[in-house]
């Protein structure tokens, strides 16, 4: 299968990992969810991110889940897989398995505990050397969980040094100025222009696109909206893109609740028919009655609002 | 002046502290900003929060600024003042000065470094004992800056033990379930019901009101919107409240950028004529050209949207 | 094999996991190291702690290493195994395998990200329910890495609620007062007295013993010294215990360098003939020439000092 | 008075700030403590560090305390003063006052919340520009409290850019390799060689001296020992230096208990006749009976040990 490169763009949803109520991987839902994402018109797919509850799977489960989805996607879009681990040995093993299965590249988040620029730089030298030049690497930025902060300066230092680092999943918040600096300094210094996809549920997506993002990589449960915003924006319809985005903004925000988002998103995916059960593995958030009422209400309001002119999503 | 008590409610904006471009306190703008807030219909006023750049003032400046605003307010609404400090001695001194000047109560945030429930509980015992039973205390929750997390259980333990703690400024994110637990457990155990105002720029304000919040305490630069949402909600117009809130949501979110919000808010307050200069004291964020373009665009979109039926704000 | 219970005491070294220079587990050294610990007179053995580089092993490697050592120990002392994981599912799987292999109990550290007392309490309810009442659980306290802080109050709340929690590995620093409170409050409230073994390389070991610790659980590379200190103390020879401890204190401190200790300890174990290679898996610290010189010097000074009266260790 | 420069060396104790039992500054003890330090043979004096409870003083108290001690020292040794603050405005004001009073330079710690190398670098540009080129600045490294980590690379970047930065108070732990890199890279690149004094109560002092430290800056309550270790080392008596250091090591360690050290040190200073009361300002640690027993015991053991050949301290 084709490898990910710096031209990657569009919407790469971070897939949930569906479980049965008994706690095992729900293989049937895995296929169904894959089909759902493809129907949404996504440009790629991301497995085993934090939204994918990666850290709650054994290595064997992770490799099997990735292989199943990659087979189902059948090369229609690139599939990238999170392989972050506590050590290079398990990271290398999982990487080998998913690349063999046809993954287009891997995401690696820096481990909690790295602090200085040099520590982060050195860690990723270990990563790219261990995985080898043939494995495209995505830097997975997520300070709220990792407490590891990446400056524009440091990222470009890695772009210079590590040829296999082809993408930044920018999940810092706000990150707007960080993206502007990455684009400006990269151009000034004549560096290769890498792909930047933004996370955070799509927060600030219109602003990020304007500042030079290539798309989004997030677990937001309406990837079809993100696809349309991306396409409207690409077609020059900035206002239309932003109108549509704003209509979903209350749900974007609602899903962004730290520690709760996973449960909210799985519940919405279930309601949308993408998976059979909203079960998460422990430890994980559990929706309470008040949450379900709020989701009902927000979806009801969204549907009424989508009746307004200019907002038809076609989905 | 009247002291704050558990019945406090409504919108208490967290005031900016206006500076001249040269860096001194802009006393004229202080008056003007006070008038602006009162014109917005606010129910109270909060000085020297993080939005007020409290940590960048000397104790003398802080006391003088609070006295000036309290005099200008002239008892029309209660004014509460942030007095968090590295030690009880400076906290007590600032508290004495602002209470003498007519403050209705003080906000205290736990210092970075407290970790366990017992450490937080013990710290606030020190606070309420030092300040004395006559000084109403607001617990200022703000984990992103303090890294101190408050559970519902611990807060109610303090409500039981510390009679002068009359309000929680809930700024945890998400905090929705925390509020629900506080209300439910407090009722179950027959505790006095304290006031809970929510922060975070108003994020989730409709949901918080539904779950039992008494209002908002935030630096969001359109407190008039929050006042109207609060009033519509109180009048039973939940849909109208939420429609209005959603219209401003892109700006709520935009102002919420960690570390950037202060500069964005001061710029918007300047544009609204509330202060003469958007200057912040160092160290502080500085807006860049791309930020100004985004603010223009977001305000332009808001104005067009407010032309839609049902959204007239009257301001 | 016998299960761990509240009477556990003595010195439980945290075993290194030996690797070959090529990076695989060095099975021969695993046996040799096990024999070394037993020769030191230890009262138990701990596998797959942080010193054991647990997070750099796959689940299969972890289970195989534990089984090998347990077989070699052959029931002469209890062997406990670290099973901390990102989710309950992999934790349950590893636990099942090591308990089947004959482990006496498991260590579980709270995951980074837990903050309030309730969050920690709830997490461990999940642990003890998942693992079942037959699996003895050791609470592994290690705030420098986990950023999770455990108060005496919270620990005793868990002792009350979770019958299978039989031991605290206390690694908070300082922790002296924490231990005193645990013993005093537990006695006052008539709770079962659980075992407390202290970590941190043995730092403050004499003081901890005096305050009621039952022994030590640490990766310090001279467990024979800890055994003798423990025994002298138990025999009433407090001065002799402390004299011996102080002789090793420069090395205790030297090994305690955060992030470096692992490499120092493996190097000392290699010099002592306990393992064949000091290799650590990546990412990990690497000794530099200046470090080796310091180790030489510290060991040289120790040997000269052990020549003084009263310090003969017999090893 | 002479300004601090890159040649600064020796032992700069971090002075306690003595309080009366009623909580005010104990001015008489301030003089007495100053005399005590001078009698110990120190090479400089540091006021208003964390050991000096700086954050619990008002700006007026801080300035008055510094002026009093500086007057008492009467130019016999340089006095440097901590001026860290939440904003540049109060930092500039305190700096102006203490420099006017005769301080030789100031210490500035980065505020909690800085994360990337660029953020730290930019913060200190603000500091040196605000304070001006005439004020020597000491970078105060203390990650356990600030959570701000300084790499050798970043420090040397500041040495290049900020001419007034003349010293590093290195308090990272371990920091041994950091010092080695600073010395090696600075020499390789032909940078000016700045002074590095180490903190952490003197932990690893012999190793640090060997690796190129210029002395110590710490609140350890036996600065006379540090002076003698420094001098023996300078005289080529490495073994004698280390013998003396090791004799005090149990007390070095005991004082290093995070969050407790302040109370232990003030108690020891009181016992040594340097201050009249061991009172600390709230919030602060309070010694319990078990702590006092341990201090008795450790000092008793030290005194017996100092009776051994080679350890006479002359104090």
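First chain written, first letter: the chains are A, B, C and D, and each begins at residue 1.
In this section, a contact is a pair of C-beta atoms (placed from the backbone, for glycine too) under 8 Å apart; a residue touches a chain by one contact, two chains touch by 3 or more.
Please read all numbers here as calculations on a predicted model, not as lab measurements.
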Equivalent interface positions on subunit A and subunit D, same or different at half: same
Chain whose mean Cα position lies farthest from subunit A: D
Inter-centroid spacing, subunit D versus subunit C (mean Cα positions, whole Å): 34
Centre-of-Cα separation between subunit D and subunit A, whole angstrom: 47
Approximate Å spacing (C-alpha centroids) for the pair subunit A, subunit C: 38
Touching two or more other chains - residues of subunit C: none
Pairwise touch network: line, ring, star, complete, or other: complete
List of subunit C residues in touch with subunit A within their complex: 23, 53-61, 85-90, 93, 111-113, 123, 126, 130, 145, 281-283
Contacting residues of subunit A [partner subunit B, same complex]: 173-174, 176-177, 180, 203-204, 207, 210-211, 242, 246, 249-250, 253-254, 257-260, 288, 290-291, 294, 301
Of subunit B, residues touching subunit C in the complex: 115-119, 143, 149-154
